[in-house]
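Next come two complexes built around chain A: one with chain B, the other with chain C.
And then the complex of A and B:
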């Protein structure tokens, strides 16, 4: 089981738990505002953009080339950006803190 | 080649040069063909603007047949942002349960009406009807309005043998003018009334602005949806195993929809006007000329998509631009995705196989590039489960 915290743009903290699936799906199922997941997770829409807490980047790993290319043109992107449909939930993510970018 | 295959006429030009020059009336267009370049140009709205004379970013150019600015389509940031902020929540309504239920009922009834062992001409008898009825949900207008829209046929803007017909486009403008007057006299909870009461950046929308939004929902959501639906039916007709797979594995239906949008790319390209001398793929693009962002070509870019010319129903990484990219990404995408999702659910539920009887392709021509976008005629038979 992994416990993941989402911090939305209006500073709401939402703590969710799951053991599988994508982080995007978890956020959408629980109505985290700012994560729409329009494309269902195939890396085409960038409506699942989060900033990973800088201390925890090793937990999520790096974005793939394709994901980086998407993020490169996103005005809110920084070095901690990820499209969270590309992050699979596992034990490894326990305690992760994500800030919703939009 | 199967009848339901859609070719990629841009491959050689995309690989060799990355762009292609095509003619259009007296205003040629440099098509941008690679995925990365298409995204970059879409993102750079300062250099590649949507906000020139109304109609100029459409290819073929419509500057001679209309003066109404389409909103938010022909507005650049920062103004664009205010309009989208107003429109986005309304165009997300297809995610609501009540909307989904109504759409499901519409498509269910339509499919029931065509599973009768008789040949069905899909474009006129199915896709146009489906698209028009579903549009009443998006605009929140009476279901009966769709009868009139269906009677306009697939070519609202076009007469036989003529690509652009100002008189025909006028039918739609006159209709929308009358609807706006109706909504002013009797406000309701339809999109007309919502827009007439709305403000953007502290200013009420004018009638001309309301018209600019509404005409776009009619034109942008018509051929695109009709082509997406028709191509999907033709694909299932030739690939019964795919329909069966989606029946057995409902969890991949979402991916299949994105893959259909990538492969079919119902909107081939859309133009931009260059605002300052610049370069596209090391090719000079001069101020006041046009480029186009070729979504259809970008979606077959082998440097990004493995086996780009194959439909891979459960394609996992699929960064397609079928609904555009960046600021102007498709406002109707939620509605379009909901239509395809509902259609697939109903077909899986009720239809065993589809026989492809005969077809006449609808082929767009941009000089030497001939791209099939769908069908003029698509006769099939639906076989019940």
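And then the complex of A and C:
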């Protein structure tokens, strides 16, 4: 089980727990605002953009090449950016804090 | 005019798919305070359509894994979903809609997001064919999955080599079916891409063991017991346990037409997605609108268009002065190939193919009208997609020989 905290643009803190699936799916299932997941999770829309807490990048790993490229379309992107449909939930993510980028 | 009275009205949305659902949530974001009700004939909680022909088809997932929004998000945002209900009439004078069961609902603002339905061509024998399905709804996928389970030989014929037909071919192949695609035109994807892309996809399918035959005009289907034979004008015949029809769509304009709204190739709207009735908007697949990048009227079938136009309509309804001006984009996934497209290629007179030295599997196709970059199709190449997007938006004149030179790194600054 992994406990993941989402901080939205209106400073709402949403703590969710799951053990599988993508982080985007978890966020959408729980109505986290700013995570739309318009493409259904295939890294095509960039509407699932989060910033990983800088101290926890080792938990999520780095963005893949296609993710990095897609993130270039978003002005809010930085080195901690991920498209969270590309992050699979596992124990490893326990305690993760993500800031919703938009 | 965003006075309280306007924002407190009653907004009704017909169609609970990508366009309608996004419009409802966008209305709340924009400050709409009155009721929002979305009607749809489909009884299922609103879901993503693109995965239906892709990952969802090949999975065992139920539709709950594929929802546009969680059920509680509708409650949280005070959006009521009236599913399994068909709207039969729009009465503009009285500002009412009629449901199939004779209920009347009054609106102050109405959004038509009725999308499109599969076109079933008038082929002899099509109505009595065994296990013949279109692919547009979750229910269609259930039928196709069930048909796959029912069939031992799993011989599938797909009529139509467009995106949906080809994606379905790739998915059913992955599930172990024997798949044949029959396309009427001389090449697949003829309306949407350059010949070299058609060739690429034809070859891709061939390599995966899916035969794609072009110039095949299906004229009849003969069905005996549980088996069909698909017969083409040139006399060729293809046996099929399952037939998928993917020959395009018909726009759901009937309600709008009967209500006297302007219709052309879809419901005609202005740049804020408003019809010729100030209180009625039309968004998504059903809307015929102006695109400022190409300065022409278009109708699009894409998630991007449905979502972005929904947001524009919602903002306009809430009194904002907005213009729909997004550059169109689209994607398709087949096997492990990702196609991403940006812009509209129609009207091109020149195509530049750019290969990359570091990876044979990725390339991009750039469509020009003389100097002007119109659109880019990219294969496994998100960078080219992003650079293409930026260049089209900037309107910069591109050095075409540099673009074609794979030794020059793909970056907007290098190509001007």
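Heads up, the rule we're going with is that the second predicted complex is superposed on the first by the 102 of 102 C-alpha atoms of A that agree within 3 Å, B and C clash if a C-alpha of one lies under 4 Å from a C-alpha of the other, contacts with A are read in each partner's own complex, and residues count from 1 in each chain.
Going forward, a residue touches a chain if its C-beta (ideal position, glycine included) is under 8 Å from a C-beta of that chain, and two chains touch if they have at least 3 such contacts.
Remember, predicted model here, so these are calculated numbers, not experimental data.
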Are chain B and chain C a fit on chain A, or do they clash, once the structures share the same frame?
clash
Does the superposition put A:17 against chain B (first), chain C (second), both, or neither?
neither
Partner touching more residues of chain A, chain B vs chain C, is chain C
Touching A:88, do we find chain B (first), chain C (second), both, or neither?
neither
Touch test for A:25: chain B only (first), chain C only (second), both, or neither?
second
Name the contact category of A:62: first (chain B only), second (chain C only), both, or neither.
neither
On chain A, which stretch or stretches are contacted by chain B in one complex as well as by chain C in the other?
38-40, 42-45, 66, 69-70, 73
Provide the residue numbers of chain B that touch chain A in the complex, in ascending order.
36, 39-40, 43, 254-255, 257-258, 304, 315-321, 323, 325-326, 329, 333-334, 337
Footprint of chain C on chain A - complex, ascending
25, 28-31, 36, 38-40, 42-45, 65-66, 69-70, 72-73
Would you tell me which residues of chain C are touching chain A in their complex?
18, 48, 50-51, 54-55, 65-67, 69-70, 72-73, 76, 303-304, 307, 331, 333, 338, 340, 382-383, 385-386, 389
In their shared complex, chain B is touched by residues of chain A numbered 38-45, 64, 66, 69-70, 73
